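Got a structure here, written out as structure tokens. Questions coming.
Order of writing sets the chain letters: A, B, C and D. Residues in each chain are counted from 1.
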Amino acid sequence: MIDFIPLNTACFNKNLDELDIQLLRTKFVNAKLLYMSNSLVIRIAGTAGEGVLSAGDMLNLAMKRAGHHTMLFQSYGAEVRGDGPSMAQVRVSDSPVLSHGDEVDILIALNQDAVSLNLSEIKKGGLVIYDGQPLDTFGSQKTFTPSLPEGIQGISVPLASISYQKLNSLVSKNLVALGAFSAVSGLPFEIIADIVKARFGEKSLSALKMGLDNVTAKASVTGFNLEMRSSLQEMLILSGNQALSMGAIAAGVKVFAGYPITPATDIMEFLATELPKVGGRVIQTEDEISAVCTVLGSSFAGSKAMTATSGPGLSLMVEGIGLASMAEVPVVIVDVQRAGPSTGMPTKTEQSDLNIAIFGSHGDSPRIVLAPSTVEECFYLTIEAFNIAEACQTPVLILSDQFLGQRRETVSPFDLSGLKLAQRLKPDIEELKGYKRYRLTDNGVSPLAVPGMEGGEHAATGLEHREDGSPSYDPDNHIAMTAKRWGKLELAKLESVKPVRFGAADALIGIIGWGSTEGAVREAVSKANEVGLKVAALYPKLLNPLQTDIIEDFVRPLKKVVVVENNYTGQFAAVLRSNGITCESFTLCEGRPFKVAEVLKRIEESCYKT
Amino acid sequence: MIDFIPLNTACFNKNLDELDIQLLRTKFVNAKLLYMSNSLVIRIAGTAGEGVLSAGDMLNLAMKRAGHHTMLFQSYGAEVRGDGPSMAQVRVSDSPVLSHGDEVDILIALNQDAVSLNLSEIKKGGLVIYDGQPLDTFGSQKTFTPSLPEGIQGISVPLASISYQKLNSLVSKNLVALGAFSAVSGLPFEIIADIVKARFGEKSLSALKMGLDNVTAKASVTGFNLEMRSSLQEMLILSGNQALSMGAIAAGVKVFAGYPITPATDIMEFLATELPKVGGRVIQTEDEISAVCTVLGSSFAGSKAMTATSGPGLSLMVEGIGLASMAEVPVVIVDVQRAGPSTGMPTKTEQSDLNIAIFGSHGDSPRIVLAPSTVEECFYLTIEAFNIAEACQTPVLILSDQFLGQRRETVSPFDLSGLKLAQRLKPDIEELKGYKRYRLTDNGVSPLAVPGMEGGEHAATGLEHREDGSPSYDPDNHIAMTAKRWGKLELAKLESVKPVRFGAADALIGIIGWGSTEGAVREAVSKANEVGLKVAALYPKLLNPLQTDIIEDFVRPLKKVVVVENNYTGQFAAVLRSNGITCESFTLCEGRPFKVAEVLKRIEESCYKT
Amino acid sequence: MDKKSPMDYRGAKPIWCQGCGDYGVLSCLMKALSDLNIESRDLALASGIGCSSRIAAFVKCYGFHSIHGRALPIAMGIKLANPQLTVIAAAGDGDGLAIGGGHLPHMARRNMDITYLLIDNSLYGMTKGQPSPTAQKGVVSKTTPKGSPEAPLNPVAMALVYGASFVGRGFPGKPDALVDLIKEGISHRGFSFLHILSPCITFNERETFRYYNERTELMSTDYLPDDRVKAITLAMTEDKLHLGTFCKEERPVYTDYGTDIEVMERETLIKKLYERFK
Amino acid sequence: MDKKSPMDYRGAKPIWCQGCGDYGVLSCLMKALSDLNIESRDLALASGIGCSSRIAAFVKCYGFHSIHGRALPIAMGIKLANPQLTVIAAAGDGDGLAIGGGHLPHMARRNMDITYLLIDNSLYGMTKGQPSPTAQKGVVSKTTPKGSPEAPLNPVAMALVYGASFVGRGFPGKPDALVDLIKEGISHRGFSFLHILSPCITFNERETFRYYNERTELMSTDYLPDDRVKAITLAMTEDKLHLGTFCKEERPVYTDYGTDIEVMERETLIKKLYERFK
């Protein structure tokens, strides 16, 4: 651990007098802290239709196969083929990649506009691969020389002309660019070639090759060596949505019902292919209301069941979720959040569905909300979600988001040996005599009979009911049953995974966050600790109910708590406050994930005397 | 003001040492405090189908016509004709009736069970009118003598036999009982007779008369004189739902779209008859999703528009409400809350839809929430709702509840002369040149063109958009537009009605509540003040956004704040806490309104040293 | 398996008004179940919200009395989870044709093996008498004080056009035919749509038992339910309402698809997936 | 009123893929509007969400690009508020027949004076190609990797059974007929349902321009659109898809009702109401 190195950022341009000296010079950094020493960020930019996303995907995979940890982040418009700008950014490192990367080392610009649009985000010392001979609308060649600021190197490759020569169309510009990138960066050509061949066939290789050959000199790229390593062969490249789908399979989901919606659709698409292989079923329903009711029906009939949607679909599901609360049906509902409100910005990330997740149904309607932070957690927390749903007979929502759901990163194969799957509490023979579906028990969980069980016949209902399920308007009964339903959330607090803490052990400044912001916050905290700032962070995975005791323990020694989230109103900060936690709110509402520098700046600002 | 009279309630049975003496001996009671000096509570009880509700309704009207302030409260099951218990309770007083009455002075029991079921709520010194000669299922007469505790008087009237003799059926038991009640209580017979005649025709009078004649002695009824007075002839008897509907008419609503649901249906039914008379339209849509979208369309086309529903319908509307937020469409949505979650207890009251009202849609989706407390406020706040909706171009929700919506009470004719109706900000000719629907303005409100205006053509949209309405995924635009939408809530804080304060001016204990609990809290606070407790209460009418400065002013001098609400989790308390107000939560979740004594007890408990 | 009697299917005590048509529907259903000798434990009955939907609790079985309009998706979920169960869905005309009307076409085109009882009293009973999608034009009610301007829907013709593989109509005033219809519907492998006329004696002064007794007639024995277009023509033009089977078609049910896939262990699949993502 | 040209209705620049059928729908709509000489300011166009629904912003008018499936209720609200406006609703096949399918029957039975463009590409374009309610059975897609087991719906037959007072079909590959159809639909007083076949060139390999060019034919000039049952039979049995008007019926529209009431001032009404509640 290095002692106090002032960073050249906002806080350290201030007079030392303005800083709260107490908050500086930590030496006790939590062992759990992940730290990224060295990384490289490559961005492919262009417009939708130029193959930006597929190039990014291939490059990402190639990086992993070359032995690097990677993360792929994509940003694109909502039109199927519009001419909105689009980009794919790959960040590689020796250690697991925590965030998508604040600045770009290498920009691969598939068209002219892409250069100017992305210039401001290129690092000093960075590199731009651009098309110096683009074709105009009539197919004749122009010349183009971007004016690059000092310190940024440019390499011209005739992407359009080569693509046009080779394939008589512009669709291979991205492949030419990948070839050129291989030449420039030293990323082994065979790795890319294999991937391209597998996807687009032998024919496409020529474009790739022409790109490679066109670049003569290997440019120096900020010292990161992209040559082949032997490590990481066993690792996987997965998106959050894929990991989540695999988690559902591992948990034993039997029925998935859903309705297409960006950015959640690929969960349904993944499961449509895979779930039948383990005897499950996937159905594309006529809307989200049908989807949520279908999974309720399936769970009632004894199967683990899940649906996945995004904001607009979740809005339609809240009545069904309320029914699951009342009738005590275990179901898992995934919300891959996107920027709202209403249709909003369907392809952009945001964390603004926390309120509806916790408070979205009418009545006092208990439900459990979990939020994974990484692709790996998408797997494990989904299993957790099914476990809690079964254990508490309650709907469980998983809040992912566009950034987490669609980014692709290296993860280790999951540890399947240690998996514990919660079994539904079923009535025994004794219980089935005069069976009462909603029997009042100590922890609120009543044995749940499923069709096929003799003697377990009952009517599940959304009406307030007595222990036997018959409707009741009796005051005492209503309060007893309400207490039963809410009591089960206490169980969830105990059963569920605990918040994750990282950063200085002697922290006086604390960050609390949830979900996909964790990576950027980890990097920021580690950088802050590196310069001696006494900062730590807490990431609860269970957002409702809150494990308040643990959060309070974290907060107690702190002088300031800042809640970081990707929305406008600071939804989690408000929830924490209503639970008695005093905190400031730091939000970003631009449809994109946080940059590390933004979080770091906020941490530093917290060091000012107030 | 009387000085410190210890009440015989919990707190004053305690040793004085345990009490926080500071909190006692107020003399400065706010002038606004309403105080009920003297009242009488009559309850008619029976099962659905015995005419309990219609008897209650007629009795209530008769009381008003006899010159008394009244309130009618009803409690019944959700089955159309089940055999669940049912009751109607009329409370009369010299001054406006604040709550439905904790205890019963006179019980009119239409059947045997009704006696035992209601006995515990009869006051010492009270009276029971019962059927001493009920008929069994074969129509032959039994005898029945209830065992009444000491101090409760019984009067037997052969309700069933008379009804059977007169009309060959049991349907007139309620009329016989009303006749008997008139004899017992001194309520002028002609008043009831007029009402019965108007509703059921001349023929029915004989049952009423037989009831009257059957009772010989006039019983003494706790000293409340029910004889005719000349006052209140101009006053009206209205339910909250009726007053709300009239408020909508006064505000100029032109389109009402709704779907039947207890306890909101009567708003649609009322308007179906009345709205066409002022050129408006009412449509029963195929579901609540259609209803909310229909009113959005109508408002877009330039008409004031409203829908009304209860919890389950509100759950279905949240996507549409989010669209109204995003597309900035002024609409009014009424939620007459009932006990939840899910289908819950459709005929029972609860205040558990606050969370969904404030937080119910996905995304950061601003909306305004208002809550009236009395029948009169149902009128005025509905007008307010339309005004704010137009002024802020935002959806406005009105939270009523079953208790408020269906209770019937005496109100003065509304003051129509002072009504101010907000006009929608329309673009002028200048603005219509290059019209931008979502132009960024200082207060966030953009001039809104309606169909028919030349040059005002535009596309309203739920996608994030630029000033001209065109979709945009630009980060800066998203943040600017989000800030615009939320900024309008600041306007609402200024424009809207202010919280109501009542109770001791030097209060150290404060109650905060919302909606229909106000009456019981007013009574409790006045009683507490009467015995010298330094208590006051604050009722914000605007629940979202909160006028935090006013609430803080109220809270600042207090030692304790208790938030009173009719739900399980203390939803408003949580909202207040998330806005920085420290408070305790006092909730009731039994599907019925608070009793005054319950609130009073809680106030007294707050006086213990802690 | 013991032979069942209708009383073996008795669940909670019904709370309908005396004389409500739904009593007849319930007893015909219980009779049909006993004739088919279905085990209560293997029977699931999903319903929405409304007077008629209360039926889910009145039959001894695995009942799911859900939310307004959602009987069909709940039933579908049950069937998907366990195709071995006999799955019945019950809904009122408001429940099934207004708020829940969007689900019906899809259940039919999927040919989900569900028997759907659409219990039609031409109004919203539970909320006290508002006109439903099958209410006659001109009906006066509290929401249509000058008479409803909306034309009624034709549920049988709709189900036929949607492609329901079994479509019929019944009326508890003619109970034998209704019992037979329910039996046929349950026995039919595929989506069976049963339009059941069930008078509301409390709010409906028009569509009464008497009205339907006069205006219904049993389907002629000559009629073969083998032609969808003919059935539609009949449903669109009938003067008297026909009771019986309009159309019946054998075709694979939704849950027949995908059963030919070889099933593996979850862990095996996940490990296979690893290969794809390396 | 000046004579309009189609270009006078140009709104925002379309963002559809090049070659998308929706371009043709848009240009036919603009031509129809100009032929009818409708003022932009008196035209409202409500749509849902989907590629096709983007059309609301591409026509110069009062557009409301709403939420998925809700074009019809939004349009209904507009019409109720201001019956003078020309109101068009536009929806995709997913938008209008899946999530929004529950609204259609009711708009038809109300005979709301709205022209409804159901823009059908047999899939969900915006979300990248999942099968829609009109997709053929067996279609392979990412959500149906083994082929969809669901039979397609027949939108024309459905609209006819619902009682839509004008029902027709068009295809931008045969633009003159489509322009005529839209004109007829708009001119028709009542609910006009127009089934418009609009190929998605990006995701649909089956229902292409070529496919529809071959499989559609103009309605024979002999055909009189005066008989609903005949029209249904045609729609249920047609081998080639007919372009033109299937059925047309004059009957009062929803907003005709209740117009005979004498209107008073709000204050007058409220004071009258006082009397009732004394």
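One rule holds for everything that comes next: contacts are C-beta pairs under 8 Å (C-beta built on N, C-alpha and C of every residue); 3 or more make two chains touch, one makes a residue touch a chain.
Only a predicted model underlies this, so the values are computations on that prediction, with no experimental measurement involved.
More C-beta pairs in contact connect the chains of A-C than those of the other pair, out of A-C and A-D.
The most distant chain from chain C, with centres taken as the mean of CA atoms, is A.
For the pair chain A and chain B, the distance between C-alpha centroids works out to 44 Å.
Computed from the mean C-alpha positions, the centre of chain C lies at a distance of 30 Å from the centre of chain D.
Between chain A and chain D the centroid-to-centroid distance comes to 39 Å (mean Cα coordinates, whole Å).
Along chain C, residues 49, 67, 98-99, 101-103, 105-106, 133, 146, 258, 261 each make contact with two or more other chains.
Residue positions 78, 276, 286-287, 312, 319, 323, 327, 342-343, 461-463, 471 of chain A each touch two or more of the other chains.
Residues 11-12, 39-44, 46, 49, 56-57, 60-67, 70, 72-82, 84-85, 102-103, 105-106, 255, 258, 261-267, 269-271, 273-274, 277-278 of chain C touch chain A in their complex. Contact residues of chain B toward chain C in the complex are 78-83, 259-262, 265, 268-269, 272-273, 276, 282, 284, 286-288, 312, 342-343.
Those residues of chain C that touch chain D in the shared complex are 97-103, 105-106, 109-111, 133, 146-147, 149-154, 157-158, 161-163, 228-229, 232-233, 236-237, 252, 254, 256-258, 261.
For chain B in complex with chain D, the residues that touch the partner chain are 65, 233-238, 242, 246, 249-250, 252, 254-255, 257, 274, 276-279, 281, 283, 285-287, 289-291, 293-303, 305, 319-320, 323, 327, 413-414, 416, 449-463, 469-471.
Those residues of chain C lying in contact with chain B across their complex are 15-18, 49, 51, 67-69, 94, 98-99, 101, 124-128, 130-131, 133, 142-146, 202.
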